[in-house]
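Shared between the two complexes below is chain A, which has chain B as its partner in the first and chain C in the second.
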Partner chain A sequence: MNWLDHLPALMLAVPLFGAFIAPLTAWGGKGLRNAWFLLVSVVFSVLAILLWSRVGAAGPLIYVMGGQGWNIALPSGISIPVRILMEIDAFSAFMVLLGAVASLAGAVFSVAYMDRFSGMEKFVALYFLMVTGMFGMEVTGDFFNFFVFLEISSVASFGLVAFWRDRGEALEAAFKYMLVSSLGAMMVLLAVAFLYSRYNVVNMATLGKVIEWGMVEKTALVLFLTALAMKCGSVPMHMWMPDAYAEAPAGVTCALIAVSQASLYGLFRVCFTIYGAFMGSPVIPWVIIILGILSMFIGVSMAVIQKEVGRLIAYHSVSQVGYMLLGFGVGLLALGDARAMADYGFTALKGGVFHIVNYTMYKGLLFLAAGALFYATGSRNLNEMGGLARRMPKTMVLFMIAAAAIAGLPPFNGFVSKLLIYESSFAVHPILAVFAMVTSVLTLASFVKIFQTAFLGPELKKFAGVKEVPGAMLVGMTVLAVAIIGLSLFPTWSLNNLVEPAAKALMDQTSYIGAVFAAAATGGGL
Partner chain B sequence: MWTKVLTGFGYWDVYSWLAFFVIAGGMVFFIRSLGRKDYRQGTEQDEIFYGSNPVPEDGEDLKVPASSAYWGYTQALKPFYEGLVGLHTGLATDYAGWYILVTAFVALLILV
Partner chain C sequence: MNPLSVVARTVCNLFAWFLAIFGIYVIVHGHLTPGGGFQGGAVVATFMAFLLVAHGGEKMQSWVRKDRFTLMECFGLTLFISAGLLGMSKTFFFNFLAKAGGVFGGVLPIGPNAGALNTSGTIALMNLSVGIEVVGGLSMILLYMFSAAHPQEPMGREESGHDR
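Take a look at the complex of A and B:
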């Protein structure tokens, strides 16, 4: 037996094991705890790369837990999968890979960033639990487990947002996040219950095969759509996001971005794979497009007027999620119409998928740079900052890379995904592209504001003692900066190897469904 | 790996942009080289001109704070921003309320 067959299970087992062992590392002191933090993060990152390359080579993977064998989806006499089933196609593997990179960068950064705080073994345990939940949402093949993993990642996130519990703002942010997340999770559970009551299954592939367009299915879709759109920060359900992202420790926010992307993954898995061409109405694609436009424009408009660096960047997260919703909404609109899909739909999907990877990398880096500013100056308020380029030149360069990428300045990667979204949304209606471009201009304006007020200007006496942040924090930021530069310099490679397989997998409903039922016919999972 | 990204409508070529920046950078350095040769760092040539007034010692008295950035833009769009900021109340009940409202609205669109 090849151990690589168990990669899907290992993706969950490694961070989960890391979480349960983390409290014990307190006995070995800071060195052991940090070593464990980094070791587990590196291991799950390597596993994510292996999983991604294996899926790329062999197609969708099936892994069954608690059954006769890991590759037997349908034992004899059973017509629907009833065990805990994981299914990883190119889109899932892509999301797992991104989540692993963001989590690794956040972990490396946190080693130095959180060094002066106590209770770090709890921090590490919660961090790994959050990562487990995120991976689980992306590899699971059934809806009930999706809900379970959603809750695991959410509960761990609440604890991490409130980690600095001496700050009232952090507790308040965690409470608000908990309130809306719990409400959303209940709606997801209700949606799962609706589908289960109708079809007696929670397996995604089976549901995708049998689903019809009736009242129950519509109700479940509405509940899924709004709950997952809220979890990924879509306007007007975005208000928890600036609170939580700004108050969480910077390394956590870097990983939280990937966690919110897991909700986005869930939303598109539901829309494309479960409902897909069965969705007999353009209302849902248009709802997603309008949520995207609102998120882009309102997110960036609020960002321009912020004075706290973390909140400013967090409002940009809302805005960037809007681009993805727009891209996927246009792709969903074209689903089922081969000509529209060829004309603009697939381009929109590629733009949306490419924007996920770009966003995860540059937004993670921006939050880490904001954390570096807070670490060095003790302030989050841009009004109090200035002239830091002299004291923190390396942080400034890393910030500039991320800011140029998010603003879509050539030659950085942000422009490529935005170009794909502009052009494809223009084909649906020019006003969509106009909103997207105006948002991009305002994005540039707000990052110029951070750059000018924090890094430029005369030297301030109160910052005479400020030094560049420790090496580990710079390494954490550099991981993401290297990814941004790589994506910028090799856009064709990124599109061919990362983006297109994921976009095709999302579009190809039959492949996802077929993988489970083919496993029944052949007795194999590959 | 080295080819253009075709979007279906146009294309993106990062290396053309890099070539552009190299050429533009070369032109900048060329123009700079035509400047005065008698500049000396650390002399009175470096001093800030502050409207003939003494330059404040602390940069704090010189800098433009973040809240002053884009003042004209925010003033011009004051009604829009008053409405927008007014929606962001920070109240947890409003957070939940918006979520319920959107769910109800989408349900109406789909179910009715």
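Take a look at the complex of A and C:
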């Protein structure tokens, strides 16, 4: 028995175990708790890399929880999978990998950043629960479990957003996020109920196989689309995002970004794998494209006028999610038309997938840098900052890398993914590319604003005592900076090995379905 | 919250134990009768609610220690996930105790029968662990709800923020 077969289960078991043990580390003092925090984070990151390389080598993996064997999806005499099934294709493995990297960076950063606060063992437990929920959403092959993991990650993140409970704003942000998320989760549950009442299955692969295009399916699709677009922060359902991202402790925000990307993952899993070619009309792809355009433009125009560093960067998240929605929307539009797919659809998908990894890395780094500014100066307001370049040179360099990447300056990775999206959306309609480019210009403008106000200018007297942030925070930021530089310097490698398999897996509905039912042949099913 | 009259307190003292026993029954028979770890655990936690209502908050604070409940919570959850991990020789959450003859390893004859307690393998074990976790968690929630409803009565060394 090869233990690597159990990777999908370990991906959930390790952070869950970490969360359950975390409160006990309170008895061992600060050192033990930090060691546990880092150890578990490193372990699940290593597991994520192993999982990703295994899926890359062997194609979609399945894992049957509690079964006689990990690959017996259909015990003899049963035609649909009834056990708890996990399924990981290249797209899921890609999402797990970058979620793990973002969570690792957030964890390393938090060790120093949260050092002066009490209640940290609960913080660690909630952090790991949130990570478990995120991994669960990405590895599950079953819609009901998708809902369960969505709830786990949401509930854990409410607690983390409200961690600084002496701040009224943090409580307000958490409450707003809770209302929006609960509504979204109920809509997901309702959509699952619609599909279950129609087909008597909740398994994703089986649904993808049997689904037809009717009223029930349309209703379910609209519910999924609304709820998951809400969870990933698309305009007009974005109002929770700036609050929650700006108020959560910086390390948490870094992981929270990856968590909201898991909702985006769910959205595209539904659209591409379940509905796929049955999507029939171009209405849904166009809805996604228009949501993307709106998010891009409204997000960035709200961002330019913000004075708080955290809120400014958080509004950029809205606009960056717009890019991904645009890319995937264009890809979805081309799905089912082989010529359009080869022409621009696949480029758009690659752009969207590449933008997910780029966004998670540089946005995480930006939030960590904003957290570092707050840690050093005690201020969130840009108008009060200035001249920090001499005081915090390392933070400045790291911030500069992230800002250049998000603004899409060549040769940084943001440039590559944005170029792919411009190119492909131009083929659909030039106005889409125009919107995307204007957004990019405004993005650059607002990051020049932060950089200029916070780091440049004469030194301020009140910041004379400001020192560079502690080493652990710099290490956390460096993890992400190294990822950004790696993706920037080797765009061809990342496109071929990281992005393309994920984009192909998204298009490839048959092998996702096949992975469950092919196992039937060996397991003696049907 | 003030203590109730001596009559109410005596009745609550007595009936709290019945509730606890009934809750434990629901947990232990989780695999045979309706209910299970969560439901039974919630019933056992009403033990705390009864005493909290009858005796008032301050007295309860001096009687119980919250870190015991944290310990219970962690123990239950760890037992749960360990039961999953021990099945790893086949798959995660594989029922390795069922029909093995040992703890919860009994075998039932096929056909209508009353069921036996010593069956079902890890299902019973997981009911137990969820029960322990829910008792700890819900009792703690009740205590915290009390301290939130009466912020003027400080509870332990908790502070409004997390600053040290």
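Basically, the second predicted complex is superposed on the first by the 523 of 526 C-alpha atoms of A that agree within 3 Å, B and C clash if a C-alpha of one lies under 4 Å from a C-alpha of the other, contacts with A are read in each partner's own complex, and residues count from 1 in each chain.
We take it that a residue touches a chain if its C-beta (ideal position, glycine included) is under 8 Å from a C-beta of that chain, and two chains touch if they have at least 3 such contacts.
Not measured: the values here are computed from a predicted model.
Aligning the two structures on chain A places chain B and chain C side by side, free of any clash. Looking at the superposition, the partner that touches the larger set of chain A residues, chain B or chain C, turns out to be B.
Applying the stated contact rule after C-alpha superposition, one finds that A:Pro81 touches neither chain B nor chain C.
Using the contact criterion defined above for the overlaid structures, shared-chain residue A:Leu419 touches chain B, although it does not reach chain C.
Within the superposed three-chain model, A:Val287 lies in touch with chain B and out of touch with chain C [touch as defined at top]. In the overlay built on the shared chain, the residue A:Met65 is in contact with chain C alone; chain B does not reach it. By the touch criterion defined above, A:Gly327 reaches neither chain B nor chain C. After overlaying the two complexes on the shared chain, residue contacts for A:Gly310 are found with neither chain B nor chain C. Of all Cα pairs spanning chain B and chain C in the superposition, the closest are 23 Å apart. According to the touch criterion, chain A has no shared surface contacted by chain B in one complex and chain C in the other.
On the chain C side of its complex with chain A, the touching residues are 67, 70-71, 73-74, 77-78, 80-81, 84-85, 87-95, 159-164.
Of all residues in chain A, those touching chain B in their complex are 175-176, 179-180, 183-184, 187, 215, 218-219, 221-223, 225-227, 229-230, 236-237, 239-240, 243, 281, 283-284, 287, 298, 301-302, 304-305, 307, 343-344, 347, 381-383, 385-387, 410-411, 415-416, 419-420, 423-424, 426-427, 445, 449-450, 452-453, 457-462, 488-493, 495.
The touching residues of chain A, counted against chain C in their complex, run 1, 6, 9-10, 13, 16-17, 20-21, 23-24, 26, 63-70, 84, 116-119, 163-167.
Across the interface of their complex, chain A is touched by residues 1-5, 7-10, 12, 14, 17-18, 21, 57-60, 62-67, 69-70, 73-74, 80-81, 84-85, 87-88, 90, 92, 94-96, 98-99, 101-103, 106-107, 109-111 of chain B.
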